[in-house]
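The following pair of complexes shares a single chain, chain A, combined with chain B in the former and chain C in the latter.
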Partner chain A sequence: MGAVERILEREFVPADDDGVVVCRCEEITKGEIRRAVHDGIFTMTEMRRYLRAGMGLCQGQTCAKNVKALMARELGVPPLELEHATARSPMRPVEMYVLANEEVAD
Partner chain B sequence: MKRYDLIVVGAGPAGLSAAIEGAKRGLKTVIFDENEKPGGQLFKQIHKFFGSKEHRAKIRGFKIGEELLAEAAGLGVEVVLNAAVIGLYQEKEVVVRIGEAVRHYKGDAVIVATGATENAVYFEGWDLPGVIGAGAAQTMMNLHGVRPGEKVLMLGAGNVGLVVSFQLLQAGCEVVAVADAASAVGGYGVHAAKVARTGVSFYLSHTIIKAEGGDRVNAVTIAEVDERFQFIPGTEKRFEVDTVCLAVGLSPMCQLLKMAGCRVLEIPAKGGQVPLVGTRGETSADGIFAAGDVSGIEEASSAMIEGRIAGIAAAEYLGYAVNAELEAAIAENEAALSELRQGMFAPGRRGDMVEFTDEGIHVSVSLLKKGYVNDEEIARFTSASETPGFRPIIECTQNIPCNPCRDVCPRNCIKVESITALPRLNEYNACSGCGLCVASCPGQAIFLVNGDVGGGFANVTLPYEFLPLPKEGDRGVALGRDGQVVCEAWVSKAQISSAFDKTNLLTIKVPAEMAGKARFFKSKGAV
Partner chain C sequence: MSNTSDVIIVGGGVIGNAAAYYLSKKGVSVTVLEGSADIGHGGSSRNGGGVRQSGRDPRELPLAMYGIQNLWPGLSGELGIDTEYTPKGNLRLGKTQAHLDILRKLTDRAIACGLDVRMIGYEEIKSINPYLSDEVIGASWCPTDGHANPLTATLGFYVNARRLGARFISGEKAVKLQKVKGRLRKVVAESGVYEAETVIVAAGLESRPLLNTVGIDVPMTGNLMECLVTEAQPYLFDQMLGAAEADFYGHQSKHGSFVFGGSSGFEGCTLDKSGLLENYEKTAPATCRGIMRYFPDLKRAKIIRTWAGFIDVCADGVPVLGNAEEVPGLVIACAFSGHGFGISPAVGYNLAELITTGKTPVDISALRYDRFKAKI
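Moving on to the complex of A and B:
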């Protein structure tokens, strides 16, 4: 039985520290992340889309490692088995008006 | 689109070194850095560096930064600040946010030297204001002249945690404790020892349970953990603090390389995701190189050498240099790099428990558990004489690549055979008591002892990097390696000299039998 089947079979078990914030920028708690895994979120990229964990100002620079470790533990797999989220531009938060002010031509 | 021969991302030690080597060989070079000041972490490094002359040992980090910047400017390297590289696309197109615009550049070669980011740990209350990264504390103190708080708990006894703890003390903060979940101090023992001797307690196998506070942190509780890192109930210790510093490791920032299509591997020993690089810093993508912490967490000294190698390699890639000359330069740099990667803290030995030094001396367990070598263990390494005349007492107990003490002694009293060997005294040469070794030891581990100055007293000369500098005649107490008061002490001399580069020398008079114990001084008023 793969990790996917196993996690879908297991019930979410609440923990005392589920209220601790893990992603500060988007204020996502440990409990929300653990619960999301039971909802069927198995990759970092999915997690970003589902809860926005790692999608805030720091772009996951602070929390990505912790979110990954938490997901891996919940899935019952080694953290190395989880892939990091895709790296994509803009690497740093950029205001829309700056993005719109793009100088391309010579 | 503006074109450069070489675009370097990041103006830290690796990026500046890379740009210098590229520009030296005629490459039109630009460096983009997202910060308002160049230098990366170098300008926060106010301590003296380890290594040998070739690695700029005993020079303070920010001085090295100034030298690199001047050298880069002299070679015509353009350094663009407040310039965040937000994308690295096909054909080495570099997209940069500069001010309120997004600009595109093309580099024939690109060197990514983006460094690393601080790791975080989460616990109840970690999101309170006042819980900050150790690097953030360093930025506040050393770049902006702002003290982060009054009472600080440091989580992390690696080199970053230890160095920043010392700097917090220098800034006038009280460091209530250094805690680490690991069972042994991970950083250099000498860094731990200079913090411990001021009276800071170390709690190994401890981590934070929670931080408390309303609009900011006002207390923190730590507890002991077992081998499986589970809290042991009943071992909680609570400290009132206004600041908690986290120094729990660094992660390479390799997102740009990943975006550019370079092959990236996850290697926990290197700090996380790192690009696959060859010996010259070349990635799997043609013409894209990586140097410094982005390709694996190490020290600034090795980042500079990696940067140099990558800069030379980029020049070679673009056909700007003769192959044989380049091979020689690369070999020379690689030799210096391999020197830095020797000893107990070598990258390949990370995490190993070392029991004996290369000399076969049993290592200090107290140093690993409490941050200081205890009185019994120190006898394995040095012994204080009780005879008249100066003698250096070298409390350097781990094999780290460092030898300024040998080079600085005008009378060749100190021998360091291989770069990682423990320094030994050359018994035939008489110490003049000049104090250069005391001031130049980056680990502040050398003391001069004159075992008999008459009346049953001895003089101990110690490195002192705190303000105000006590004055001749001041009374106070001497503290032992463990930071506990050992006896009364009187300042017999306070020396400031440009040759000491701001490591002032304080000579204290103590009862002769305490000469082997007294290693720090506190003025009466401060006790």
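Moving on to the complex of A and C:
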């Protein structure tokens, strides 16, 4: 990880398909994601926090790859340069009374 | 690009971003150095979102009250970003007589400082929040408290400061402060050297080693705090909740998720195997049991995420804020002790005033860096 100057030279150019929903859980569109990059949102972790893309029920398991591709294109870098947002436990949604139960069955 | 600006801010968290925003608004040129890859990496994105006055130490209460009276109400409109500020009150809950004694003490202290807060009984609690368990017998109630979204508030300050011309560099860890002719002038970072008239150190726990390079030490330590988030639920209530023993807190966010913090009793001894601020395996289950005792109806709500973060706890539990006269040009803003988010707009605003006018609207002298004395 090196120093990143938070400047983006290119301007935001609206596109016909900006209304396409990318994050289905939180209903975030392609246009919102692209615009956020121009607001200065440069990492996937920041994108989660800024728009909630990838913060819903599936925790980004559906949309993270598409969000990354869109951000990379907007930033003009290869997608590999963008880190995924941190995966957080639990792996799948767990009901509170289940997670609360630490008893071990015989 | 020239590495010289009027002000350098070390730390791109909510405090640094708020200061960058209010300074940029006054036409001051600002460079913000963030050590991690993400803006708002530390406690700024890892807190319960409380915007509270009740339960505060009298030394920091004036900042909390200033922010709630003057800054929070118009912040979303000013930033053009929904900070989800919800001033619908804070209930601090008690289940035993010992709890009520703690609450009474906190309440009396806050009333003495001019805050509108009072003790309420079972009936009134139920009328404010009918979903609470019958085990709750009393609470303190501060109707002007509330909560907000730390993620959008932190990034909202960042996006707007950047728009006003503030320069942000992430992945640039400051390693050393340097004086020139007796005045602080340079910040040496991993990839470059930056110069300014004034340097704000707002780097959370990392502030301590950095301040040590100019001979200043702020006694603080890191405490891991852990929270969990439920899937979006039907709307239940607006209040910020806390408990007398400070072992449970949380709120329902605008999009419907509940965000609850709790503890397991292993605080300070938890294990973080990866060093990536991992949750400790015993904390989330203990927090769930705690929540179900306050809100039995939530037992089938699904947990979708847990997270952890370090609180920069000061030896005496309140922040260090203001100039350090022995190092002219240095401004310290750290050791927020888990109370930083709620006062962040007020801190950023006051720092901007301090730097541009030499005065602050709120008296912050009780938060000086040189207040620490050994107990005997």
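In the analysis below, the second predicted complex is superposed on the first by the 86 of 106 C-alpha atoms of A that agree within 3 Å, B and C clash if a C-alpha of one lies under 4 Å from a C-alpha of the other, contacts with A are read in each partner's own complex, and residues count from 1 in each chain.
The definition used in the following text is that contacts are C-beta pairs under 8 Å (C-beta built on N, C-alpha and C of every residue); 3 or more make two chains touch, one makes a residue touch a chain.
Just so it is clear, the structure is predicted and the values come from calculations on it, not from any experiment.
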item: First, second, both or neither for A:Leu80, with chain B first and chain C second; value: first
item: Dominant contact partner of chain A by residue count, chain C or chain B; value: C
item: Which superposed partner A:Leu8 touches (first chain B, second chain C, both, neither); value: neither
item: First, second, both or neither for A:Lys30, with chain B first and chain C second; value: first
item: First (chain B), second (chain C), both or neither touched by A:Thr62; value: first
item: Which superposed partner A:Asp17 touches (first chain B, second chain C, both, neither); value: first
item: Which superposed partner A:Leu99 touches (first chain B, second chain C, both, neither); value: both
item: Partner chain in contact with A:Arg49 - chain B first, chain C second, else both or neither; value: second
item: Touching partner for A:Pro90 - first (chain B), second (chain C), both, neither; value: both
item: Where chain A meets both chain C and chain B, residue numbers; value: 88-90, 94, 97, 99, 101-102
item: List of chain A residues in touch with chain C within their complex; value: 1-6, 26, 39-43, 45-46, 49-50, 52, 55-57, 59, 83, 86, 88-90, 93-97, 99-102
item: Complex contacts: residues of chain A adjacent to chain B; value: 17, 20-22, 24, 30, 61-63, 65-66, 80, 84, 87-92, 94, 97-99, 101-104, 106
item: Residues of chain C that touch chain A when the two form their complex; value: 1, 37-41, 45, 151-152, 154-155, 158-159, 162-163, 167-172, 189-192, 230-232, 255, 276, 279, 282, 284-285, 288-289, 291-292, 298-307
item: List of chain B residues in touch with chain A within their complex; value: 1-2, 34, 84-87, 89, 95, 97, 100-104, 117-124, 126-127, 251, 253-256, 258-259, 266, 268, 272-273
